[in-house]
């Protein structure tokens, strides 16, 4: 069966796995104080141009978002997000569990812009019967596979500065966003108060690196990690994996491979004149297909149902990953061609 | 350098690592809905004699305790613990972060007993200006390496039944406790409302299996996991490891190896007439040594400082693990003998 | 200056104040266990046809909503509200502070209907990455002064029963809603799991009576009150006031007076051909006026600005209360007539 | 029946009630933005020597403690209290409900001292698996009726400064503590970061004034009040009462009356050679009596049972209030004398 369900369906890239096996029986201190985490942190600080950034390694993306946003906000503050943002749609109330409201902006493509933030701030920053906006949450790539270009981040930074907000970027798929945009690690280091570098969806067994560039943000973040059950006993597992991914450029190679497969698929869908819900430049594609074809496809391909479009059509999601081969994409396109026949 | 610092200093037992490598490039569904988790769950249900138990796989112990206790308690309820309990001493306020108080019982050896619970219930169950005790938290082995025997668990169960409390056992070191007591998996299945089977400290990379035997306890536990960032994307990593540990008896073999090393060490300390803070039958030992010897030992052995005993003496902690060899214990005892010489 | 700003601008109705003065130097037990609270509770149970209902007296409306919804929901559950609901718009994140999400339904008139609830349940009740809807929050009258008729409550009850939800009615202005609809205390007793009977906005110094008719809802509500700082030491103050308001029908008399004034004002606005934002049958009216007239009016009348309508027009809010006289309404209408000239 | 149960058993002092009646039908803005609150705040700022202090009026003491401590602490911080502190013993987990731990110091007399704080800070301030102490909570008078002298507050201030902690004083009975110690309003203004001036237990219907002297403490306290349901709609009720109590010295007169009655009672108990649990200089007294006499006394006097002392003796609590007369004390002493025979 062809697998286009997601980008975290298998384990780790062999080089990452090899690094874990090679270090497996070493004895080190726990909780992220080991030399592997230290080396990975040095590399990340260097990539981001932030020699003093705090870097914390966290097992999963929801945990990273919950921890960071929860630690940055005070009791009376809230986070702004696109209405399709991961924190709103896929995290089962993680932000509210920490006591905070999410202010939602309706967006067609998952992207916040400076205007939306400006309007919300005008409404709520001075109103004492409302919680005060304080963090702007974006994901890059977004839940729709769209990406922010550098100038868009600059505009968000400006509105954040105007209103005294923090800019936080959920980078679960940061590698893919950098592969198809003009942004680099250094841009995130410069423009965001904090952001994550996603591992789980780009070749690691698990792990997100949270980079906090604003020194005021959380002086006791490790306490927060412990308190919320997010400090891994064998913390070096995270350091070892990020080191393997980042020290020789593997991290961007994997994203590039994923994007190449996505582009082949996107062109193929285009050639078959299959409409899409939204034009995505990255590794998530949203074709709209007749329902009977969706049903047939289920027997041969693993994918996710996205939404009902009309009486006869559904939108589904195809995701490519670092391991998706040209042959697999060709095979998927053949299946679609035959069904659409 | 000899390593007696803890039982989670290295990676995984080679058989566990091998299972991870063998399945690494398989493509499965995520979030613990894969066949490996299912098989591990079947084995655990069978071991515990609880064919209907809910089994959830959680990355770490603090996370498991926080999730379970948080999900079992209502707003106005509290958990009872020994004053040395892990939730009080090592989890940075994880229980309080979920809104709940920990009622503490002073104990010399880390063990709660039915009398202590009875007294607390008499004080607080009817007093509406107090939060109501509802969960009894024990760890087995305790933070002092002591263990509960079956009759002690039976007595705790009885007082819980009397007052309508839940009995929860933190089994981060459950294997070691079963190795030196008369309790078995089936006893926990029968006597506890929920308990964990620890992996991190017994040969896994990470992972605790939370077994909920009381069907009323949390009908939406997976939602709680998601909400608190505890649902691993590649959830099968946990299933694969527990399967490797449990399907052929490896889990208890590792605990037995750890206990053999601990007993050799304990007898050696005894022979050297080194006093201990507390008589521990399991894999944590608490020798009391002159401070100058503690200082010398630090250069040759990795261990934890436990507490100051008096002007001239400190208590330190030695922990053995599945990988501790007879030679390592002998070497440690030689060092001690020379220093005390 | 004429006062049409709100219905809580003065103190208490003289009869309520008299009752407080008369009992002022009596010595009773505290925290709501006194005979005045008991008598008020007997009357409320009788009015609602719920001899076993729990009745709790709470100082304010936000506190009542926060307490009730927080006590009824579990960690993984959420409340459904109109997007203009008081809990969303005027309570500064009180629900989220207790850890819960508010699912919002866009409504033009502040009223939820069964269809909206049905759709939300279909979306979220089975989705384990979402928090589960569990309480339906309505306010009656709504924030727009609109009201629910009996058959609308019956339909909401039915959808709640279908999905296992609780129906909670915020009755800060319950008296006014009963004065202009076909609903009675007994309907709320029968159709809601819990509801409040508002005092603050209908002649009391302060106070909302929370009536919990579903015996499963919160066995330890008094503990929750204490925990959230909502148990008044001199609790009898609340009992004394509700008793004064309810024992001789004063409560509905005051609402009727308020409604009479509102109707006179509404007819007057109509006669002056002043458009309104929404047709409200109760004591809040929302005229739309040229901005320059709004400005002039501010010097002679105390009222609230509601929203900007277009380049030249604003919507403002007039509220009548039990003490609003025919002369005051006539004076307001005269002013408007002169300004509109 | 004689009433020595507590100091909040009746309503308000007649002068306070008169002020409420006199202003009852005035129409003002709500939520504490009215001129009465403003005037009361001016007086308080003046009394405390803090022209820039924030003053907030809150209905009850638990609410004030919960709000203040919750607003001052970050996620990873905790409050230090005597083990008999009101926040630990009588508030049903209010602090934990906001996510925070209370670190307890055992004390015989309810008083924290600088040494206790120092020791806790040495243990927990640097330990990242512990929550960090940040607020020192004291009550004055304490739960045992004991009081802090100025030099004791100075010493607490010094240890707070050393470790970067905030000093918060729960002044539910502040008037009584000032009546029997060398402390004044100005001392609290100078030495505490925040404190309350209690009204409920000293002649008001209800109300505590929270004075925040440290400008960094909570820039958005009114939002916190709203969020936790603590902003009274008719907020002026609080201003009117505090104004009545503070503008002509009534506040200290009432405390002095209460203390005179307590001293008469204390001397009487002494003369009858009745032992006490603790020597209290203020308006709470803790005589120890044979259980059979306690039983008889219940029929003639309203008081609280405090604790069991031994097989045959109980400790009970007598509280005097501003309205306790010399005759009432004499009558109580007569009863005791007769019973002790």
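Order of writing sets the chain letters: A, B, C and D. Residues in each chain are counted from 1.
Simple rule for what comes next: a residue touches a chain if its C-beta (ideal position, glycine included) is under 8 Å from a C-beta of that chain, and two chains touch if they have at least 3 such contacts.
The structure presented is a predicted model; accordingly, all values stated were derived computationally and were not measured.
Asker: Tell me which has more C-beta contacts between its two chains, A-B or B-C.
Answerer: Result: the pair with more contacts is A-B.
Asker: Average the CA atoms of each chain to get its centre, and name the chain whose centre is farthest from that of chain D.
Answerer: For chain D, the chain whose C-alpha mean is farthest off is A.
Asker: Which integer distance in Å separates the CA centroid of chain A from that of chain C?
Answerer: Their C-alpha centroids are separated by 43 Å.
Asker: Indicate the whole-number Å distance between the mean C-alpha point of chain B and the mean C-alpha point of chain C.
Answerer: The separation of the two C-alpha centroids amounts to 51 Å.
Asker: State, to the nearest whole Å, the distance from the C-alpha centre of chain A to the C-alpha centre of chain B.
Answerer: Here chain A and chain B have centroids separated by 34 Å.
Asker: Send over the residues of chain D in touch with two or more other chains.
Answerer: In chain D, the residues touching two or more other chains are 75-76, 91-93, 97-99, 128-131, 223, 226-227.
Asker: Which residues of chain D touch chain A in the complex?
Answerer: Residues 70-71, 74-77, 98-99, 128-132, 220, 222-224, 226-227.
Asker: Mind pulling up the chain A residues that touch chain C in the complex?
Answerer: On the chain A side, the touching residues are 75-76, 78, 89-93, 96-101, 128-131.
Asker: Which residues of chain A touch chain B in their complex?
Answerer: So the residues of chain A in touch with chain B come to 3, 5-6, 8-12, 14, 17, 20-21, 23-30, 59-67, 91-94, 97, 200-201, 205-206, 223, 226-234, 237, 302, 323.
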